[in-house]
Each structure stands twice: as C-alpha cells, then as structure tokens.
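Which chain is which? They are A, B, C and D, in the order written, and residues in each are numbered from 1.
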Amino acid sequence: MNGMTPIVKTITKFVGSIILLFGLYLIVHGHLSPGGGFEGGVTVAAALILITLAYGKDAVFETVDLVGAFLLQSTGMLIFLAFALLGFTGGYFLLNFLPKGKAFTFLSGGTIIPFTVGIGVTAAFALFGIFIVLVSFRIFKDTEKK
Amino acid sequence: MTTISGIPIYISVPLLISCCLCFWRIIRGPYSADRIVALDMFGILVISFCVFMAHYTDTPYLMDIAISWAILGFIGTLALAKYLEGKNLDD
Amino acid sequence: MQQFGLFITSLIIWSILTWIPSAEEMSFGVVISIIIAFAFNDLFSHNPIQILHPRRLFYTLLYAPVFLFYCMLANFDVAYRVLHPKLPIHPGIVRAKTTLTTDVARAFLANSISLTPGTTTVDIIDDNIYIHWLNVTTTDTDEITKKLVTRFEYFLKRIFE
Amino acid sequence: MTNVLGYIFIVIGLAFDLLGCLGLVRMPDMHTRLQAATKSLTLGTCSILFSMVIFHGIFSVMGLKSILCIIFIGLTAPTAAHALSRGAHLYGVKLWEKTVVDHYLEDRTAKK
C-alpha cells in the first residue's frame, strides 16, 4: 500500500515524467538515433515499474491491470499489422507507401514511424504484463502458505 | 596516439582502473548490499565512458545511451533496495 | 493548472532532446506532451507556477554557490579520509530534528545532506531525520541539528515554503 | 583557453572517480563505502559532463544533453544512496565494530 519513503516518492514525481518522455523520444526517433521500438518500449515500461515501486501497486494497477496490459499489447500488434496490410494498396506486403521526405529530417522514414510505435506499445505493455504476473504470483504464493 | 576504442589512453586507463576496483568489490563484498553499491557506482562510471566516446569519436547520439544508462541504473538500484527491505510490493 | 505546468516542462525537455527542433518535430512534441500531461496529472508538483516567485528565485540563486561549496568540501574531505593511511573515521548513525513540513522541501534537504561532507540521510520519520555521519563528535540531538541541518534549512525554508 | 578549462574539469573528474573507487575498496563497512563512493562519483561524473558543455558550447546537442544528464544524476544518485542505505539497515547489515552510536536501531527497537 504505502511504497517507499516520502523522499523517493517526491523524486519520482520529478523524474517519472522525464523518463516517460525519454522513452517516447526513443520510440519516435528510431530511424535517426540509437533506440527504436523495443528499446523505447523498455524505457516506457521502466517508468511504469518505477511508479509501481515508489507508490505501491495500487497507484498504477487501477489504471493498467493485467487485462488492460494484454489488451494494449495486442493493440500494438494490430497497429503494426494494419500498416503492413495497407502496403497492398501499392502492390505488396510491408510496402513503404507514405511519402519519404529529405534524408536525416524527422519525417524521412515513411511508414517506419507507425511500425516503431506499434512495436514500442507491444514491448512496453508486454514487459509490464510480465512484471504484473511476477508480482501477483509472489503475493498468491504468500497467501497460500498462510 | 594510442587509443582504446577511440578514447586516448591517458583518459581511459584511470577509468579502467576505477572499473577494476568496482569489480574487486563486487567479487569480494561480504554482503549483497556491498555488491549493489559497487554495481550502482559501476553504472555511473559507464556514463563517463559513453560521454568520452561521444566526444572523441564525434558521434553525439551516444549521449542518448548515457541518459538511458542513468535511468535504468537508478530504477535497478531502487528495485534492489526494495528487495533488501524484505517486503512485498503490497505492504 | 498543474497539467499546464507539466505540459510546458515536457515541451522544454522535448526541444532539448531534439535540438535543433524543426516545425514538424515541435508539432509531434505537442502531441506527446499532451499525452504525458494526462498520464501524469496527479503525480507532479501541485502548484508549479509558485517556483517563479521572485523571492524564491533569489534564494535559489543564493543557495546554488553555498551548495556547490559544500559539495566540493565533501569531496576533499572524502579524499583526505581515503588517502590517510590510518583511516581517520568515527562512524555512527545520529538523530537530528527538522522543522520543514512539505515533502518537496524534505526531499531536497535529504539530498543536500547526502551530498555534503561526511553525512548520508538514512531515514526520515515524522520530525526525526537519521543521519549516518563519518566523524561523530557529539551525540546530543540539538547540537547535531545546529551543526548539520540548519545551514540548509535556512535556504530551503525560503525556497519551498 | 576554453580547451585548458575543459581539460582541468576532466582531470578533476577522473581524480575524484579514482578516489571514490579507492574508497569503495578501503572503507570497512557498507555505509561508509556508500558515503565515499556516492559523493565522489556524483561530483566526478558531473564535472566530466560539464567539461563537455565547455568544449561544445551550451546550445549544441552535446551541451544540452549533458545538462539534462547532470540534472538527472544530481537528483537520482543521492536518492538511490538513501534508499540503499535504509534498505541495508533494515536487511540487517552489520555496522563496523568501532561504530560510535546507532540511534536509528535504538528507535526502531524501542517502537516495537
């Protein structure tokens, strides 16, 4: 219920939003800098895990529980599949049908940005789902012993 | 000039000596708490490595790796501290 | 109000990360900042605009050199104790009192104590703040409070309360 | 001139990194090791990052990201040290035998 000490809680307030923003930055800039879908997704999952550690599990689990995590993970897969199937409008699977701008600018990837967003959502909520499963399994085992 | 993966040798050797001292404490430490302290400090040393590589090989995007190492090191240390307290996540 | 403060903070950090920001990157940053402002709405400072009060800014500017001076002093202190062949330390965990009330001020007090000569915060329970001290000279609570805590409390009280 | 200033900051950072790790090896128990290492390595790494601000100027990719990293490390390193110190004390790590006083243990046992 009550997580860690007030000092950790206060610093989490300042740092958590920066971590979430940095994760989204890594996801979106996958074609320009190190990172991409999976790495950014891990950082987003790390932000959620940090809030769970600092505030106890009720702070996050009331918005994202196990079912919600797996639903969002499947949504990420569906985003990827939808943009891959949209390639058939030009001829074949996984076609880069969006306009490609000037090289090394932000919008130079075409469909890479929707693909990495899908992968990022999948990775983030799959890892967070694994974390929830591990935590609740441990609680279940403890209550069973008593 | 002699370099180790792009970093001049008069900068990388002190950092490598520091890393070896951290490793000595990780191997030797009597409690797990000592090992966690050494691991936390090792993470901060890796940030310096990333910054020097970004500077000397002229690849500024390595700074992203430094920032993410700082983030993951902090969260890992908090999780291990929580483990040391010997509590479940719900109390 | 606090969502707006979080939005502005996120936008500033986004423009730092994507330097030099172009128009398309900034429009994407607005979308992401809105997502963050709604995801973190009650996990941020409740009245963020108050840090721009001129009195608080003045004391923040005054606090920075004091803190940096103690930080440098701490490192030379550690260097002296590490390099001395006899290891001159008398460690101990002592109790001190604090008069700060808000959580933000207490967190910054604990972090300041952790980075200054010979001291690390172990825990804060109610008004008691437990400090691990490398060179224990007294065990009296009032004297320790005067020696270790008051020099930061004066500034932090005026910045955060 | 700016290069000389930057190299001075790099030398300060490397020296404090080395001293902090030496403290990690030489100090007798966990709390004293934590003290020596946290202080020295935080200031050492922050000074290395600040030297990058001097080399590249503030308004460049390296400079701005270095400032972000300095703010992040300055906020999180003492917090991690505090959490670790409290966790180790609750875990039951023994203090050094020449420890003068331990008010925290007294108060915790008195409460129970």
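Please note the rule applied: a contact is a pair of C-beta atoms (placed from the backbone, for glycine too) under 8 Å apart; a residue touches a chain by one contact, two chains touch by 3 or more.
Everything numeric in this text was worked out from a predicted model, so none of it was measured.
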{"item": "Comparison of A-C and C-D (more C-beta pairs in contact)", "value": "C-D"}
{"item": "Whole-Å gap between the CA centroids of chain C and chain D", "value": "14"}
{"item": "Centroid spacing, where centroids are CA-atom means, of chain A and chain C in whole angstrom", "value": "30"}
{"item": "Euclidean distance of C-alpha centroids - chain B vs chain C, Å", "value": "23"}
{"item": "Residues of chain D whose C-beta touches two or more other chains", "value": "20, 22, 34, 38, 42, 60-61, 65, 68, 72, 75-76, 79, 82-83, 86"}
{"item": "Overlap residues in chain B, where contacts from two or more other chains coincide", "value": "61, 64, 67, 71, 74, 78, 81-82"}
{"item": "Set of chain A residues in contact with two or more other chains", "value": "4-5, 7-8, 11, 14-15, 18, 22"}
{"item": "Interchain contacts (touch definition) - all pairs", "value": "A-B, A-C, A-D, B-D, C-D"}
{"item": "Chain A residues touching chain C - in the complex, by the definition given at the top", "value": "5-7, 9-14, 16-18, 20-22, 24-25, 28-29, 51, 105-107"}
{"item": "Residues on chain B engaged by chain A in the complex (per definition of touch)", "value": "61-62, 64-65, 67-68, 71-72, 74-75, 78-79, 81-82, 88-91"}
{"item": "Interfacial residue positions of chain D with respect to chain A in the complex", "value": "72, 75-76, 79, 82-83, 86"}
{"item": "Chain D residues within the chain C interface of the complex", "value": "16, 19-20, 22-23, 26-29, 31-32, 34-36, 38-40, 42-43, 59-61, 64-65, 67-68, 75, 78-79, 81-82, 85-86, 89, 95-96, 98-105, 107"}
{"item": "Residues of chain A touching chain B in the complex", "value": "1-2, 4, 8, 15, 19, 22, 26, 33-35, 39, 43, 46, 49-50, 52-54, 56-57, 135, 138-139, 142"}
